[in-house]
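Structures incoming, each one as structure tokens.
Okay, so chain A shows up in both of these, paired with chain B first and chain C after.
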Partner chain A sequence: MAETTANPKISTRNVNVYYGEKKAIDNVSIDVDMDNVTAFIGPSGCGKSTFLRSLNRMNDTIVGARVEGNILLDGQDIYASSMDVVQLRARVGMVFQKPNPFPKSIYDNVAYGPRIHGLAAGKAELDQIVESALTRAGLWGEVKDRLGDSGTALSGGQQQRLCIARAIAVDPEVILMDEPCSALDPIATARIEELIHDLRGKYAIIIVTHNMQQAARVSQRTAFFHLGNLIEFGETSEIFTNPREDRTKDYITGRYG
Partner chain B sequence: MSLCAWSNAIVKLMNNATIDPTPTDWNGAVMQKRIAKRYAAERRFKAMGFIAVALSTLFLAFLLFTMLGQGLRGFQRTEVAVEFDFPALTSGATAASITGPNADTTLNSMDIPGIVELAVSQQYGDQGSELLTSAAAANVRQMLADNPQLVTAKQTLWLPAESRLDVAYKRKGEPASEKTVAALEQKDALRSGFNWTFLTGADATDPSAVGIWAAFKGSLMTMAITLLLAFPVGVFAALYLEEYAPKNKLTDMIEVSINNLAAVPSIIFGLLGLAVFLTMFGMPRSSALVGGLTLALMTMPVIVIAGRNAVKSVPPSIREAALGIGASPVQVVFHHVLPLALPGILTGTIIGMARALGETAPLLMIGMRAFIPSPPQGFTDAATALPVQIYLWSDEVNQGFVEKTSAAIIVLLIFLLGMNALAIYLRNRFETRW
Partner chain C sequence: MTGTALLFLVLGLGLVAWIVGRARAATFVRAAKGGPRGQVNSLPSYHGWFVAVCAVVPAVLFMFIWQSISPALVTNMVLSAPAASDLPQDGFSRAAILSEARAIAQGLQTTAFQAQSEKLAPLYKDALSYYSWIGMAGTLVLLFAGGAFAFTRLKPDFRARNKVERLVMVGLLFASLIAIITTLGIFASLIFESYQFFSMVSPFEFLFGTDWNPKSVVTAGADNGYGAIPLFWGTIFIGAIIAMLVAIPLGLMSAIFLTQYASSNVRKWMKPILEILAGVPTVVYGYFAALTVAPTVRDFAVMLGVSNAASDNALAAGIVMGVMIIPLVSSMSDDSIAAVPNAMRDGSLAMGATKSETIKQVLLPAALPGVVGGVLLAVSRAIGETMIVVMAAGYTANLTANPFDTITTVTVQIVALLTGDQDFGSPHTLAAFALGLALFVTTFFLNYVALRVVKRYREAYE
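Here is the complex of A and B:
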């Protein structure tokens, strides 16, 4: 069972997440490394988004949400009192289900993170960061002549790539993607998937998806969640061709979901 | 899926068994009647809407018409031509003596009221001095100070007429005044002029000498205090309650209290101001400071409620986006939530401020109904406000105050329009295009 790797970026041990009295995640242990894209799949309400949001403590903002167990980033407990949550979220970036650019210019959208974290010494350096982030997100060619336009004026797919550029502008180590293509058309989806492919290896990427074909296309490792439990975790090719668990097999063959 | 399809099929079978399968007759008489009825309902609704709009337009037109008809006359004054033989009257004052640093002393020593009285009685007989308003001497003094050359020759000066004469010239006045007006008009000694005194002066017992400036300045200062206090406190309260405060019984109670506070009659706030600011803290009576504090108490809940709604309407996805790249909660609030909520907050603020500007009752309670013969120089000086001034003038028996009241209402409305225009400008400036 490939639940542990030699050099994990994020490793979780016996994690439980509660919303009030309700247990949303039950005893999940997973390792995520830099070289692979990890996909979380499972039917609606299985807890995959909840688990993802506990990896950068976005669940902190939800009243009544509580996390038990250990979540380690480079061996450091992210729920320890010594961990600064603002810095954690800069290191563990996030891309959301619905593209949510700020109602500011394209430039300001990308420059916002570096500005608040003081990553650029001057205007020239900031320009440099913005350009390289937009280039990595595959958006530079489309927007380089209109960086002053509002980020919300872009198409849905462009907005989502802008959000990815915004996340990588602060030079994170991990990028969490919460169903990043569910609001996009097939062409825009294909571009995002290409982008994920290009970003692999530079960042540890975790993607939550409803779409099993997508998980098969973009990820090297897949975790299957059901009713808050981690059913199976392993090589993507293994999961899709030769699942060990019946529930996994039923899900990927479309028996339920 | 299969279960679903089955149940649908069963329902279909049952329906076929019980309902007559004749097709709907879309052109039949019953259908046509339904259509006609629907059209009639549409027409009725449109007509009622039109009547409602027409009625409200009519009311507005009526208000503006009467206000302007009455009030515009308040900005005019009747002037009487008076001949001044300055060399004789001033026993040879020179232009040089009333210029330069000593001008004031010389003018003070000249007994201008006496000179005016003499000049008028020479021209119009013993009753002549009753033609002019009490402020006429001050006008003459101002004219001489502005143009010292006047003193070297014979001059005809137009001086403001006394109030009853003013009323008689503009519309129907007392019979005696009407007679005087007719006599003066024959000599071409009456004309209408713009009443600058009304814009620059303060309250007076003589309606032809009153001005609105003192009340305007009082309102301005009161509003400044109100805005300075109610806006920041209201906005911070709204932000804290929405973004930081834990959702529990205590915050629920605070919310209910604030909502109730916004509905408390304004005179209660006046009593509160009287009890707290005047009696307990011993602040100066009738001052713009206390007026502003009292109105701030009244305006704050309105700003808090509007502010909370504006903050609530900022989409949560923006907060998540900012938090997701490591913005601290304060940065989320000040970089994203507040700028997006500001247009809404400003709209609420202007509603609260407009209400405060027109408020009379609480100001009466804290003594701002005093007779204020000169504009307040500071926030602790005795002052009055526009609505209070209107209230006081509308109570006067003298006919001359009628048009002054309307004129003051026009000034108040212009103040209000100016404030609204500023708010709309600010709102459009901060409005984010999505």
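Here is the complex of A and C:
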């Protein structure tokens, strides 16, 4: 039932993810392209975050986690032994559930990635990267006069936008967002959603959420997961108005979850 | 009757009081049987405890107070007798006669060396037995009064349970105050003796003088060899410089390995072993330093061409002290690295940073305050450490930065000043108190700062 796209950025084929003996993801095949925001929805524990974290190999940090099947980024298998994990994560950035700025200045938070990857030739270029990343993350106007302040001193919503700026600063191709608004108030959430709209098309964006309204607002394509299985994947408008599967319909209408 | 026998008698009567109180309450329980619930507030044993404590505690307190004041009362009584009027006025021989008379009266000594004490002995005997009877009577009166008072208060609705609860609280409070009071007492005695020392030797000489060669007879205004700078320097050189050069890198690296690289199995057996190392007696480290490390270091120095390398060199003591401190630094750093939220580490890894980049750029800066706190505690532990330096470092005060030279520390000199025949009032002995005070103030300050730093850091992440 894999929904195929003409020019996929990421395509997964028959992916299984295990935690030790337990199978957390069962045979998932999905294509993600550059032009659309893809949302993963589903009840807690359905494996959507696990699947997201296997797309930039963050599951490698969990003892006992194992991935089977193929995950291709631009046709390259990211679990192949020739794949450099460090380079992969520079190409596939990630924003976490809770804002996690480093206990450094705002400037150093954004400059962190460019510095470790050697993206800037000098101070002037680095300044420019920082400014453009903060601008694209919609934070520049609020922080341009206090770049030296600690990143942890910002409000929750600002911190999350700082984390997005931090991810953007290394110029990734894909941005994975793992429930980026679950720790934020509605106003901060609205700002992040606006930001996702603005970023669409520049990066392939995948957002995990268990807020269905949010999925409907920000995404063009939606994948519904349940108990480790991909139940349904398609146009967001289709999924929300005319789901093919009963389980999808039951979840969307609030029957469970 | 001796004090011990009296104490046992009091405790025995306390047991009786407990039984009586309990039995009395048991009659309330029997009477209330079948009636509404809660007529008898407390279980019988609470009543028993209440009566027993009311009987025993005042009696025992009185016994101890009496023990400490009665010798003075006895002596006063003897001195007021006519037979004591021809005692010599000179305090020293007077005290000798009195203590001999007392010894004879107590049966510790049979023959008198001084005629007068033989004459005073019967007087002493009378006075001793007189006051011991008063003490015994007072104790027993208090015991019965306390017990009777408590017994009359027993009623079915008496809240013995709540009273006992309060008594438990008072007991616990008392236990926790003992450590604090003792520390304050030690501090007060340090200050008092140091004050006496500084009335003989100028504080200026002590704190800023560079010549440590203490004379037993001091003259005001002259150089008496009490310049403690070489000792302070030796302490800092061994404890805060050499030991930390060993302990900080090794401790920190082992903490990083344990928290970030070791598998949970390795961590499970390595961490306890490191913690056990912290419990090795320092005297064991001491002879390891003196017998193994020091000769090796000296041979190494000779190989390097340092001709005046001493066998009791600063480097050996410092290295072993550093090894001793590793578990402390490691476990404090381990705690503070583990306290950095995983989200921080994941954030860095997700940016494409390697593990060691993440540790260097994110984890260590975030854990730094905790690590600094641990290091300060380690320094405070190292400069107060005695056994290793007594065994491995020297006794010669030496103002040098040559690690192969012999050097001494504050703790070593305190030991040196207090061993041997010394009058308590001599400047040697008092100087040990002044050194102790300096050490106490330094470690107190270090501990205070370290705990503040660690606490503030904990608050930031919890």
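By definition in this document, the second predicted complex is superposed on the first by the 255 of 257 C-alpha atoms of A that agree within 3 Å, B and C clash if a C-alpha of one lies under 4 Å from a C-alpha of the other, contacts with A are read in each partner's own complex, and residues count from 1 in each chain.
Here is the rule we go by: a residue touches a chain if its C-beta (ideal position, glycine included) is under 8 Å from a C-beta of that chain, and two chains touch if they have at least 3 such contacts.
Values in this document were obtained by computation on a predicted structure and should not be read as measured data.
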item: When chain B and chain C are modelled together on chain A, clash or fit; value: clash
item: Contacts of A:Val63 with chain B and chain C, given as first, second, both or neither; value: both
item: First (chain B), second (chain C), both or neither touched by A:Gly113; value: both
item: Which superposed partner A:Ser237 touches (first chain B, second chain C, both, neither); value: neither
item: Partner chain(s) touched by A:Pro103 [first = chain B, second = chain C, both, neither]; value: both
item: Touching partner for A:Ser150 - first (chain B), second (chain C), both, neither; value: first
item: A:Cys163 touches, of chain B and chain C: first, second, both or neither?; value: both
item: First (chain B), second (chain C), both or neither touched by A:Gly93; value: both
item: Identified clashing stretch of chain B versus chain C [20-28, 56-64 or 128-136]; value: 56-64
item: Chain A residues contacted in one complex by chain B, in the other by chain C; value: 56, 58, 61, 63, 86-90, 93-94, 96, 98, 100-103, 112-113, 116-117, 163, 166-167, 170
item: Complex contact set, residues of chain C against chain A; value: 263-264, 341, 343-354, 357, 361-362, 365-366
item: Chain A-touching residues of chain B, taken from the complex the two chains share; value: 246-247, 315, 317-328, 331, 335-336, 340, 432-434
item: In the complex with chain C, residue positions of chain A that touch it; value: 56, 58, 61, 63, 86-90, 93-94, 96, 98, 100-104, 112-113, 116-117, 163, 166-167, 170
item: List of chain A residues in touch with chain B within their complex; value: 56, 58, 61, 63, 86-90, 93-94, 96, 98, 100-103, 112-113, 116-117, 150, 152, 163, 166-167, 169-170
